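Below are structures written as structure tokens.
Below are two complexes that have chain A in common, paired first with chain B and then with chain C.
Right, the complex of A and B next:
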């Protein structure tokens, strides 16, 4: 079981728990504003962009080549950017905090 | 908004990408009344693109990727009437009739009826064995069930994305696959010759045979195997035949109800038909694209989802118009193809093969100086940059774009 916290651009805090799936699915399930996941989680649409809290970064890890290429030209990219459809839910990410990109 | 809609009913015909995304978007925009989705497909609403890709090669018995989790339908009060076919729309009464004869009233009606595979009138095809289309979960399940060590010769009629993705997936499963394309090259309707050549070679490397200029004229089933005959005298043996030659738009309900039809259900910038209370979304619509300044019909997830958001806002009283750049993707073997824009009408292309990475290419489609579209092979940077350029109508320095020693950065081609 992993606890995952989303902070939206409206300053809403949404605390979720899950054991399987990916973080984008979890966000959609919990109606996290700003996470759409239009492509269904195949790293094609960049509608699930989050900024990982620096303190959580080591748990989440760096993006793949494809994902970092998708992110590189995004206007809101930061060094802690991830597309959360590419983050699998597991005990390893328990406690992470994600800021939803605008 | 809540007081206005709490007694109202929104009925949606079609529970795939457009219909389901619309239903949840409508709730999110503040619709308080009932939302009821009908679909003849009995499966819980699922993502279609994986059917020809990851789903086909996944473990047998794997469930489809659901568009939304089951519990969201409960929490958002979205009613699903699956396995039910709508037989008519009565605009005067503002009701629909279901095939069992029952009637459902609506205040707003949304048509997300999509499309169905076109099965060409090839002699003998209707009596051949193990013939499938690739559109529904049932199709994918049936194909997977049919493929075994005794039945592993597959002929795919049609070399479009569906045909090629299915070919890649089935060859991964060990099938011997031949694709028969009527035109002189695969993907001829949607891409430049450079892309067709790339995918032809890719499939050949994986042992799939792509045959162009193959017009299938008949299929004979002789006791244990199908023989697919072409008009040039060639013939191909097939345990399994998959037909992927295009679609027919499901406009019949709309047409019988007197809605305006033109290459699809015609809608305005709010996705509204010529009836104030009826909207249409997704593959079934003929809609105006402001960027390309023309009416188009699109078979894509992007269009379904974007139109769903526009219609939901519009019904809830927000002034919004559809204005999206189309995008698409395809996965074949380990190649990721991402496409943005509409290339129709291009008069030249620029192809880049990046030298710092393996198998990383892009084709940029221009009409004179206007960038219309980009096809990117394992090259998300080109895809993302192309998207940005098209959105901004960016003037591009084509000499720089052609110069492979210049890396792709946001400013390098301006």
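Right, the complex of A and C next:
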């Protein structure tokens, strides 16, 4: 079981728990504002953009080449950007904190 | 087994130069072909603008038949953002259960209707009514309106060849004017009324602006949805094994939908106008030249997609740009995705296999590029 915390741009904190799936699905199930997941998780829509809390970065890890290519032309990209449909839920990411991008 | 094969006519020039050229009614268009270059130009709205003369960024250009600006499509940032903010919630309604249920009812009853037929033309007798009926949900107007739209035929704007037919466009524009007057006299909860009561950038939307949004909604979602539906049916008729696989692995349905959209890219390209001298793929452009963002070419870029010319129904990472990219990405994408999802789910339940009896391809004539974008007709028989 992994605990994952989302901080939205309206300063809402949403704490979720899951064992399987990806982080975008988890956010959509929990109605996290700002995560739409339009493409259903195939890395095409960028509506699942999050900024990983620096302290959580090592657990989450860097994006793949294709994912960072998609992020490259996003206005709000940061060095901690990820498309969270590309982050699988597992014990390895227990405790991470994600800031939902505007 | 090749009717659902859609060749990529851009490959050679994409690899060799990264751009192509075509002529659109006398204006030269530099077509940007690579995935990364397409995204880069789409992202750079300052240099490659949408807010040129109304109709100019569309290919073939509609400059001669339209003086109303389509909104938010032909508006640049920063004004664009506020229009888009007004529209986004409305165009996300297809995610709501009530909407999905109605769409499901529409599609299921259409499929049941056509199952009884010996054979039928998917374009005019299936995709067109499906698209028109579904549009009543998107606009939230009475179901009976669909009959009017169906009677217009498959191409509201397009007549034979590449030239545009002003008379046909006027049918749509006059219809929309009447609808706006009706909604303004007696508002309902349809899109016309909601827009007339909305504000963007600090002022109420004018009737002209409302008209611009509605034209976009009609025009943007007509040929594209019809092609997506028809082409998907051609694919499943030649690939019964994919229907079988989806029955056994329903969890890959979303991947399949995105993959069909990538492969078929129902909208080939969209133009932009340079606001200053610039460079695309080491090719220099003067200010006020026209480029196109060629989504169909980008979606076959082998640097991004393995086996780009094949439909891989469980493709996991699929950063396609079939709905555009960035600021102006497709407003109707949620609606379109829901249509395909419900359509394919219904086929899985109701149909065993599909036989193609006869067909006529719809080939776009883009200078020396010829691109199959869909079918003029596709006669099939459904087996159940």
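Convention: the second predicted complex is superposed on the first by the 102 of 102 C-alpha atoms of A that agree within 3 Å, B and C clash if a C-alpha of one lies under 4 Å from a C-alpha of the other, contacts with A are read in each partner's own complex, and residues count from 1 in each chain.
Here is the rule we use: a residue touches a chain if its C-beta (ideal position, glycine included) is under 8 Å from a C-beta of that chain, and two chains touch if they have at least 3 such contacts.
Since the model is a prediction, treat every value here as computed from it, not as a measurement.
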item	value
Contacts of A:96 with chain B and chain C, given as first, second, both or neither	neither
Touched partner set for A:18, first chain B, second chain C, both or neither	neither
Contacts of A:29 with chain B and chain C, given as first, second, both or neither	first
Which of chain B and chain C A:64 touches, first, second, both or neither	second
Contacts of A:42 with chain B and chain C, given as first, second, both or neither	both
Doubly contacted chain A residues - partners chain C and chain B	36, 38-45, 66-67, 69-70, 72-73
Interfacial residue positions of chain C with respect to chain A in the complex	36, 39-40, 42-43, 92, 254-255, 257-258, 304, 315-321, 323, 325-326, 329, 333-334, 337
Interface residues, chain A side, partner chain C - complex	36, 38-45, 64, 66-67, 69-70, 72-73, 86
Of all residues in chain A, those that touch chain B in their complex	25, 28-29, 31, 36, 38-46, 66-67, 69-70, 72-74
Contact footprint of chain A on chain B as seen in their complex	28, 47, 49-50, 65, 67-69, 71-72, 301-302, 305, 327, 329, 331, 336, 338, 378-381, 383-385, 388, 410
